[in-house]
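Okay, handing you the structure first.
As written, the chains take the letters A, B, C and D, and residue 1 is the first residue of each chain.
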Amino acid sequence: MTVTFLILAALTLAGTVAAMAMRNLIHCVLALTLGFAGLAALYLLLGAQFVGFTQVLVYVGAVAILAVFVIMMTQSAGPAMQPIFSSFWMTGSVVAAAVFVVLAWAICRSGFASQVLPPPVEAAVHPIGDALMHGYVLPLEIMGLLLTAAMIGAVVLAMHEKRRTP
Amino acid sequence: MTLSMFQAIDQIDQIFVTSQHRLVSDLPAEFQSISSAILSVIAIVLVFALLFAITTVLERKGLGRMQNRYGPNRVGPCGFFQPLADGVKSLTKEDLVPRTADQLVHFLAPVLLVMAAFLAYAVLPVGRNMVLVNLNAGVLYFFAVGSLVELAVFMAGWSSRNKYSLLGAMRAIAQMISYEVPLVLASIVVIMAAGSLSTVSIVDMQASYTGIWPHWFVFTPWGFAGFALFMIAATAESNRSPFDLPEGESEIIAGYYIEYSGFKFALFFLGEYLGMFATSAMAITLFLGGWAAPFSFLTWIPSYLWFFAKLVLLILIFIWIRGTLPRLRMDQLMSFAWQFMLPMTLLNLFVAGVWHFMPAGIVRWLVCIALLVAPAILLSRSLKQGKKFAVRHYRFAE
Amino acid sequence: MFGEGILKGLAETARNFFGSYVSKDRLTTVQFPEQRLPQIEAARNFPFLVYDGEDWQQGMRCVSCFICEKECPPKCIFIEKSTDKKPDAVGKPQFYPKVFNIDVSVCMSCQICVEVCPFDAIKMDVAFEHSTNNRFAGLLWDKKELAKPNEYYRQIHPIEAAAVDAALAEERAKVAAKAKAAADAKAAAIAAAAASTSVEVATEK
Amino acid sequence: MNPLTGYLLLSALIFSVGLAGALTRRSAILVLIGIELMLNAANLNFIAFWRYGPNPAALTGIMFAIFSISIAAAEAAVGLGIILAAYRHSQTTELDQMNSMKG
């Protein structure tokens, strides 16, 4: 529980809560990038450099921009005129709160709190590469396949349907 | 050469490192690391801001000479104090914010842009032992920070509530994302060869010599192709001519920073140039041996001088290209990225593999060059295909 | 071939770059405040009032006929007529402008005032460095600021001024001839009268 | 409370925020973003357990996080593509109004 962790956690939480609660969709995405960046900083704090930078590269550099593009293309930018929450928002928030209570209860009861912590480690890039190329080579290949399939699928989905001329 | 001479050369080379140590060593132990970091940050900010100032005046003078003009020659000797005058002007100008603009986002965009541009310098080794942080995943960090620029550009374009700025931002983002793929793929060959993502160890690998010749990656077929592809992608990534569509003055006035004035505009300018320096510096680190001297008998010149000499050389090439090439069209830009750059960078990865596994010798050179040149010609042919340009006859404009 | 045009272009700009340091002929820029190109005959900027002779008030050609004021498209001319008369360029007694103002911040340099002036009193100037600190009072020019001698007009528009001078001289000559004719006629009449009286006297005798 | 508990609680909070957003927001884009947030919360859990777990040298948590990030990227691309296609079809991204199966 260092000060750094508390600051970063507050930043991340503020970003995520704002992302879920703001009226303007673009503001939501910008707040979301703050949350993602905070998470990346938390990964760095935990010593996972590679994952932290990948997080920034993928989420801030790609996913947020993609979301922004879709918001622009569906013309849903600008403050919403109708209510932003659906009619059953009460049920939804109660469910989410219940999930959090259960998770928090499980975490506090689990005995992690009294566990002796191992010394800090630094995940160098080299062992990650080694692991990806030896132990995890099959998942890596499948991941490549999945990404290709997703790319083709996204292109097909988002492509304009061409009118067939007789 | 005697031993003392070697020591003297080494001392001059390491003068900044040792003076930083000396400055910090008087402080109490808990402040030492943070104050040395702050010193390095101040040095980086000052040096690269100064380089920005010099580059603006060099660019304007160089472009002027290429167009048979004088360029700025009024302020100070030969116009070299022009950036000072520009700075004073931009500081004293009114800071206009459109009434309908998203005030907070409009303010944050230039700040984020400059911040992202400066963050990238943290992993660039500007000299022997002269790097702010030697990150394990330095190259990855560089590209991650670079992706923040896209967000800043979008924020600027969207928050201005202006059609031109939004169009410019969309163009800029589409272009940056398209060219980030070849940029990263072109640098992967070096990472493969060096076996490390750390910029420091990549430079260390290139800082040895066979006879008088250095081991720079650019002196291999895949390295040269990678360097060329990297520089093309870097030109597009930093929105420079001939890929300066996002700010195309003749079509969308100034693109995403149309609604910025005064110092915020200057910040955009600064951010753009800093991005250009950073990608050039990355190209130097990856392909041109970073701070290493080009010949073994020139190693007595301090390493940081070599780094900045290479940087200035690349900047001059950027200026030269800007003075020469006209702007591309949007569809040409995109098809160039996906139909030429992407296949070539992927092929380059393959060639690097071939180079690695073939026995050293002339055959290896020939095979790799053939593997690169033939597809390049075929691809450039296919880019041109179906677009036969006839001589155009004008009815009224003759 | 691939990239050939790019190389050609790079060579061209490089040639320009180094050439501009070697031969000064390549640089077409005129370094303005120090170097100036000679003014061409048709150059024009803002109007001014022409006067003949030494005294700008005596020699002013304007007779305050208000034609220019009426014709001015942006209405930048303001004239007030005098109550007394003074001799004009040709020598005829005429009114003169008590006030003649031009607001050059409004003037659009169309030269219509010059076209319509029947007295060749208003002409176009070529001076263009008129920036002031006060954009209202500083750019509202009165009669004194507008008055320029005829020699100045000859200097800036030599061909045009020669034609105007010739026309004016002809006019003056015509007036002088008329005056002379009138004087001659008068003299002849007097002589004739004298002669007739003498004849009468003679017949009486 | 030790650091691990802090990270786990934070991750649970982010997960709940994402879940609440996904359940309550009307915009399809934000529902997708909520799901992304839940994935991110899981990633934070992986990394925290890797760091404070008994065998950090095995890198299992890191591997999981890397694969999870790539899957999230693919999911975002496909999900946003679906939203775009749905928008072309029904001219809205509000989930309440996408209630017709005809067409």
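Methods note: contacts are C-beta pairs under 8 Å (C-beta built on N, C-alpha and C of every residue); 3 or more make two chains touch, one makes a residue touch a chain.
Keep in mind the model is a prediction, meaning the values are calculated, not measured.
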{"item": "Core chain by centroid distance, with centroids computed from Cα atoms only", "value": "B"}
{"item": "Taking each chain's C-alpha mean as its centre, the one farthest from chain D", "value": "C"}
{"item": "Between chain C and chain D, centroid-to-centroid distance (C-alpha), Å", "value": "81"}
{"item": "Inter-chain centre distance, chain A versus chain B - centres from mean C-alpha coordinates, in Å", "value": "29"}
{"item": "Centre-of-Cα separation between chain C and chain A, whole angstrom", "value": "78"}
{"item": "Distance from chain D to chain B - Cα centre to Cα centre, in angstrom", "value": "34"}
{"item": "For chain D, residues contacting two or more additional chains", "value": "none"}
{"item": "Chain A: positions in contact with at least two other chains", "value": "50, 54, 62, 69"}
{"item": "Category of the chain touch graph - line, ring, star, complete, other", "value": "line"}
{"item": "Chain-chain contacts as defined at top", "value": "A-B, A-D, B-C"}
{"item": "Chain A-facing residues of chain D, complex", "value": "1-10, 12-21, 23-27, 29-30, 32-34, 36-37, 40, 43-44, 47-48, 50-54, 56-57, 59, 62-63, 65-67, 69-78, 80-85, 87-88, 93-96"}
{"item": "Complex interface listing, chain C residues touching chain B", "value": "1-3, 6, 9-10, 12-14, 16-17, 19-21, 26-29, 31"}
{"item": "Residues of chain A touching chain D in the complex", "value": "1-2, 5, 9, 12-13, 16-17, 19-21, 25, 28-29, 32, 35-36, 39, 42-43, 46-48, 50-51, 54-55, 58-59, 62-63, 66-67, 69-71, 73-74, 76, 80, 82-89, 91-93, 95-97, 99-100, 103-104, 107-108, 112-115, 117-118, 120-121, 123, 127-128, 131-132, 136, 139, 143, 146-147, 149-151, 153-158, 161"}
{"item": "List of chain B residues in touch with chain A within their complex", "value": "105, 135-137, 140-141, 143-148, 150-151, 154-155, 158, 166, 170, 173, 177, 180, 195-198"}
{"item": "Residues of chain A defined as touching chain B within the complex", "value": "26-27, 30, 33, 49-50, 53-54, 56-57, 60-62, 64-65, 68-69, 72, 77, 122, 124-126"}
